[in-house]
Amino acid sequence: MSKNDVTRRGVLKTGAIAGAGVALPTIFTASSAAAYVNEPTGGTVTLGFNVPQTGPYADEGADELRAYELAVEHLNGGGDGGMLNTFSSKALQGNGIMGKKVQFVTGDTQTKSDAARASAKSMIEKDGAIMITGGSSSGVAVAVQGLCQEAGVIFMAGLTHSNDTTGKDKKANGFRHFFNAYMSGAALAPVLAARYGKDRKAYHLTADYTWGWTQEESIKAATEALGWETINAVKTPLAATDFSSYIAPVLNSGADVLILNHYGGNMVNSLTNAVQFGLREKMVNGKQFEIVVPLYSRLMAKGAGANVKGILGSTNWHWSLQDEGSKAFVKSFGTKYGFPPSQAAHTCYCQAVLYADAVQRAGSFNPCAVEEALTGGDSSLPGISSAANKGFLFDGLGNGQTLYRGADHQCFKDVLVVRGKENPTSEFDLLEVVEVTPAAQVWYEPDHPMFAGGELGTCNPGA
Amino acid sequence: MGILEVKNVNKNFGGLKALSDVNLSVRENSVHAIIGPNGAGKSTLLNCLVGKLIPDTGSVMFDGQSVLGRKPYEINQMGISRVFQTPEIFGDLTVLENMMIPIFARRDGAFRMHAYESVARERGILEQAEHVLEDMKMADKRHMHAASMSRGDKRRLEIGMCLSQEPRLLLLDEPTAGMARADTNNTIDLLKQIKEERDITIAIIEHDMHVVFSLADRITVLAQGTPLVEDDPQNIKGNPKVREAYLGESA
Amino acid sequence: MLGLNKKDTTLLLVVAVLTLFAPFILNPFPTDSAMAQFNAGYPDLMQRFIIFGIFAIGFNILFGLTGYLSFGHAAFLGVGSYSAVWIFKLFTYNVIPAITLSVVIAAIFSLIIGFVSLRRSGIYFSILTLAFAQMSFALAYSVLSNPKFNLTNGETGLQVYADDPQWFHRDSLPDLPHLFGLSMNSTYTLDVGAWRFDFNAGYYLCAVILMIVFFLAIRIFRSPFGMMLRAVKSNQQRMNYTGLNTRPYTLAAFVISGMYAGLAGGLMAAMDPLAGAERMQWTASGEVVLMAILGGAGTLIGPVLGAGFIKYFENIFSKINDTVLHSWFSFLPDGIEDFMVFIVHPFIGKGWHLTLGLLFMLVVVFLPGGLVEGGQRIARLLKGKKKTPPSDGEDHHPKKPPHVAE
Amino acid sequence: MDAFLLQILNGLDKGSAYALIALGLTLIFGTLGVVNFAHGALFMIGAFCAVTVQRILNLSFETLDLTQKDFLGNPLKIKTPYIESWFGQDIGAAIIDWSVPLAILFAIPIMVLIGFVMERGLIKHFYKREHADQILVTFGLAIVLQEVVKYFFGANPIQTPEPSALRGSVDLGMMIGFQVNEIVYPIWRLVYFFFSVTIIAGIFAFLQFTTFGMVVRAGMADRETVGLLGINIDRRFTIMFGVASAVAGLAGVMYGPLNPPNYHMGMDFLVLSFVVVVVGGMGSLPGAVLAGFMLGILESFASTTWATTTIPGINQIIIYLVAIIILLTRPRGLMGRKGVMED
């Protein structure tokens, strides 16, 4: 078992005791009925970090894992405490969670729903993980979230941007700190309109799967509301590695903006191809041709290199933010690993801390109690009048005041509009924050058509 | 009226005339040899008989039924078995299994889904296979891997497999090609024995005159895709046209 | 017994004993020991061993017997899973109709794909099956999950939602796949001293089905039909000139193996009611090829061993992280400990693919007959010491399974 | 019309990459009879040769700039490539700028060497083994190579930009009388196309007009006979493996600027290149080239809006659909020979 403190001597000792146990059949015991699945009984509690370690998102997975390790260190009282010092809730004492030392096990999602569920199951069934967190794609997040609901453990989603995660696939046991496609559109559209004008003709290239569709739908709705016209929206196969045949016709289509609803390797390649075709040097309809990447990630921007310069997009968090929480996090992460954290690392760190804090406040590891503590509150974000504006309000974790909304377990917080930096000073300095869009501007009602269809259900404590 | 009647068969490959106006009649219970120099069209003719090739024109009748357009397995089910130039056996299977397969094919037809029965319980088939193996004097090799046998034994096995189906016509394609003298003689003896013991018609394509004249009742000489002459062995030996076209060349 | 000879009966019994007692066999280490990392006796992985074992057995009926190398078998597994989840969505969570339908649908699918693909042989056949499977994957991932006609639910995977009809579902029944009320994920945990053993309902359903299909596979291997399939692999020409039509034989084998794949897919959905499109991807098809060859193609037990081996790697090796490594080597002096971790690090955790790749190469280079051959060599070595005469001609009759993998 | 021409152009460009990879695959299969699943990995290693050259040229020393701060608030470290300090900033920057073309010089010996080592160390032992074994062992090798690359370079793609002089696009349409912006194509893609065609032509000329090539071609047709003539065909085949490996590597080096290399790019191309080879006919070099261009063009056309609205999803399945149709109508692919790889 992957616990940190097992020594070899310890093994020998338990081995001897166990040997004695077999000789005495009278001590056969069926495990007693617990109140909930994987109730931690000893002095430790095990969290399951389920991140992509192989496959195309392995680097993001590695960064998530670094963040989790840092969070565990801080929860157990090690290091400089990071964002625990700036977090508005002061329940955590730096002595683990409810006095139990935090341990963790890791699994490999391979960015495949099947593999992700298998490794999550293994952590739940074999290692006794009480909470599963991590992941780098929406398909995986939804799949693992469903599993955790069935199994009766808490799921704290990692990087997942599709509306569905807290929309039609929302689950009572699942929670998302990351922003979503709708928020990207709502934050980005006004900036686009302000910079590029309201009379623009857009051409969409969209990854042909669920996330791509929700992304396209969101950004289309947001830009069209501001007067843009959508010329064409072309679906590209997920497995596509070269987008030349999709980019080639763009210039002659009458469009003057290209929107790339791609992520990961797709984004890197389609952006590279678009720049190659010289789109950004062209004038169409008397305007400078522009490219937009709605969902940015610094790790991916690095893959696209100089091609990101000047290109607008949105992101959940960026290390250059100057609030106290972000500064504290960048400092402890940077000191430990030598480079600044990615947005995936930030979200994962926050999720681990938020979970620990909720348990501490609830006074129980019971998923239902955790759910109540995490989203059941009555506090609300200022400036939004809505019956749904209700949940757990916190601050100091980087994105300003944040609401974990009770209705769908989605976080509402400021969203960043960023742009590829023209003169980066280092290999990490690729994006600059153009605007911090306040939470109120990206707010939506839980029954918004893009999110309708699912049911949160009730919390499942398992056993 | 022979058991096998080939009438006016023509076959072209592109511009090349492989067979032109071939007529052939094989009498029942005889050994009919088809000889000719390389490129005379012997193999093409044989392939037309077994369904591997379809002639451009003409007819091939077996026992009053046309074989044209039928698949090789259908033609086999009609009663024609073929022995190949290089022995075609099931190398990965044991000798006994090799022998059982044609017997199954004869009993069950071209396809039967007998996936749940056990081979070991097929007593009748096993007995027949053992019987043929004994006839072929191969009973001691029954558990050998067929691929690991000598070429002569493989030939023997292949002939045994064909005979186990009790075909009415056995086609042999240069059965002794590439064989050592001793193996050749053994094969000749085996074929002689078969000819004596069974009611069977044999058509044989052969290069080796020793084999031909030891076995054949009747010989057709093929040259440049067309039958030169058809006659008894004695007459063929003395025929000047044959000498010119074929024997002279091989001598 | 059951129409099997003594050797096959022994094999079946060994498999039966191994599967029934797997919860013990796979959990040899006390729960709190460092070696517990290597325990594989938890329900999900045990189910996977069995399910992929079934998949590989089926694949082997096609590949091992006829030699036709299909690179698209995962498509049938995927189709099976989708069918089962649709039954869950529309009718009931009872697994019997779901599994039945997944086998039937997979049979229909494999009949169509097999009918077309089997018109070619060799690598052309492989590429045809690959092409069909990749098409299925691409369509399932995107086009067939469009909002107007959502058959597969795309990237997320098909799953049961609260507003699905489930016409025959009653409130008294579990809200998860079940067998007449017995929930598939109900587990009885037995603590014996420091050890812990899980007995899972779903696992035992899988185990029983494995025993049935393994028995059927033995029957097929030993039947005239099985012999014909081996004959197809050995020499198609001779088959044709012996009056046998090879096409229906290969097609039947293709459909049977497709049904095994569909069964595996249905069971997968029954254990975990979600069907993802990646199940149909060519890498998934490649995986079952690797399982069969790694274990020993054409042998009965080989594919099961291969499946166990690969799944063990995927699930156990990938979870070893640096923290675990440090705990293993913690008895060493600091410098050496770090050095050992540094050496081992590339091969474990996220490096499990590397280890797997190296192992494949080693097995293929040195053990062409797969793990079964390895087992036979060991057995021969042991026998040799006891001075028993060397035995010949045991090629198609694997000995008792070696106790590796699983 | 302009859209048509544009997609033809794009198809030729895509196709040239397919043809180049399939050509190497066919060389190995045709000469050695080995199904090489590691060929995609060779392509990938080629691309990483360019990454390596870029890294080497960018080896830098650090100086502290006290006026600027890094993300932790410490003085910013400014990296200066040694090359710039040795040759002066202008020449140094120019050398770095041309790192991809320079990488060709680096890649050829490396790839040939990798080819030799692979053939002598591993493939040699698999000539007489079943195709399934060859597939498995080379597949294992492909996984190992890809994981090794991932270990050193990470999983994310890495930019290897083209020289700035060859960056951007040209308006080809205007040159032949079309309107502005109707046919615009990137310069480096045109370079890639001509590069591929040159390599392909070079290989054909080599096989056609040199005695070495003639022996190899004879060996492809009938290995035993050539062996009987007392010619050491094995050594020539080893060299051919090196050549095929270099071709794959060069295809990779030049591909880098088109799409940033990542560790799994070889696997992405593997299935596709096998489809190309099989559609062309196993063992046929002209077939591989023809099929490469054909599939490239078809893929381009299938991704037009017109095609995807007519048949939804056609762009996802076109390659496979074509493969199925070709294989069912032409049993051995476009130009395959009888009896090759049918058992």
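Think of it as A, B, C and D in the order they're written, each chain with its own count starting at 1.
Heads up, the rule we're going with is that a residue touches a chain if its C-beta (ideal position, glycine included) is under 8 Å from a C-beta of that chain, and two chains touch if they have at least 3 such contacts.
This is a predicted model, so every value here is computed, not measured.
*Asks:* State the chain with the largest centre-to-centre distance from chain C, centres being mean CA positions.
*Replies:* Of all the other chains, the one whose centre lies farthest from chain C is B.
*Asks:* Between chain pairs C-D and A-C, which one is joined by a greater number of C-beta pairs in contact?
*Replies:* A-C
*Asks:* So which chain ends up closest to the centre of the protein, judged by Cα positions averaged per chain?
*Replies:* C
*Asks:* Centroid of chain B to centroid of chain D, CA atoms only: how many Å?
*Replies:* Their C-alpha centroids are separated by 51 Å.
*Asks:* Averaged over CA atoms, how far is the centre of chain C from the centre of chain D? Could you give it in whole Å?
*Replies:* Chain centres of chain C and chain D, defined by C-alpha means, are spaced 35 Å apart.
*Asks:* Which integer distance in Å separates the CA centroid of chain A from that of chain C?
*Replies:* Using C-alpha averages as centres, the distance is 33 Å.
*Asks:* Measuring centre to centre with CA averages, how many angstrom lie between chain A and chain B?
*Replies:* 74
*Asks:* Quick check: what residues of chain C touch more than one other chain, meaning two or more?
*Replies:* Chain C, residues with two or more chain partners: 138, 142-143, 353.
*Asks:* Indicate the residues of chain A shared as contacts by at least two other chains.
*Replies:* 58, 208, 235, 237, 239
*Asks:* Give the residues of chain B that touch two or more other chains, as numbers and ranges in rising order.
*Replies:* Chain B, residues with two or more chain partners: not present.
*Asks:* Got a list of which chains touch which?
*Replies:* Applying the touch criterion to every chain pair yields A-C, A-D, B-C, C-D.
*Asks:* Once bound in the complex, which stretches of chain D touch chain C?
*Replies:* 35, 122, 125, 129, 131-133, 135-137, 139-144, 146-148, 151, 271, 274-275, 278, 282, 312-313, 316-317, 319-321, 323-324, 327-328, 331-333, 341-343
*Asks:* Quick one: which bits of chain C touch chain A in the complex? Just the residue numbers, please.
*Replies:* Counting only chain C, the residues touching chain A are 30-37, 39, 42-45, 48, 138, 141-143, 145, 147, 153-157, 159, 161-163, 176, 185, 187-196, 198, 272, 274, 276, 278-279, 314-315, 318-321, 323-324, 326-328, 330-331, 349-350, 352-353.
*Asks:* Mind pulling up the chain D residues that touch chain A in the complex?
*Replies:* Answer in residue numbers: 2-3, 6-7, 9-11, 13-14, 68, 70-73, 76-77, 150, 154-159, 161, 167-169, 181-182, 184-186, 188-189, 257-260, 262, 264-265, 268-269, 299-300, 303-305, 308, 315-316.
*Asks:* Would you pull the chain C residues touching chain B in the complex into a rising list?
*Replies:* 3-5, 216, 219-220, 222-228, 230-231, 233-235, 237-246, 248-249, 252, 256, 393, 395
*Asks:* Could you pull out which chain A residues touch chain D in their complex?
*Replies:* For chain A paired with chain D, touching residues are 55-59, 208, 232, 234-237, 239, 241-242, 244-246, 248-249, 251-252, 265, 268-269, 272-273, 276-278, 281-282, 284, 299-300, 302-307, 319-320, 330-331, 334-335, 340, 425-426, 428-429.
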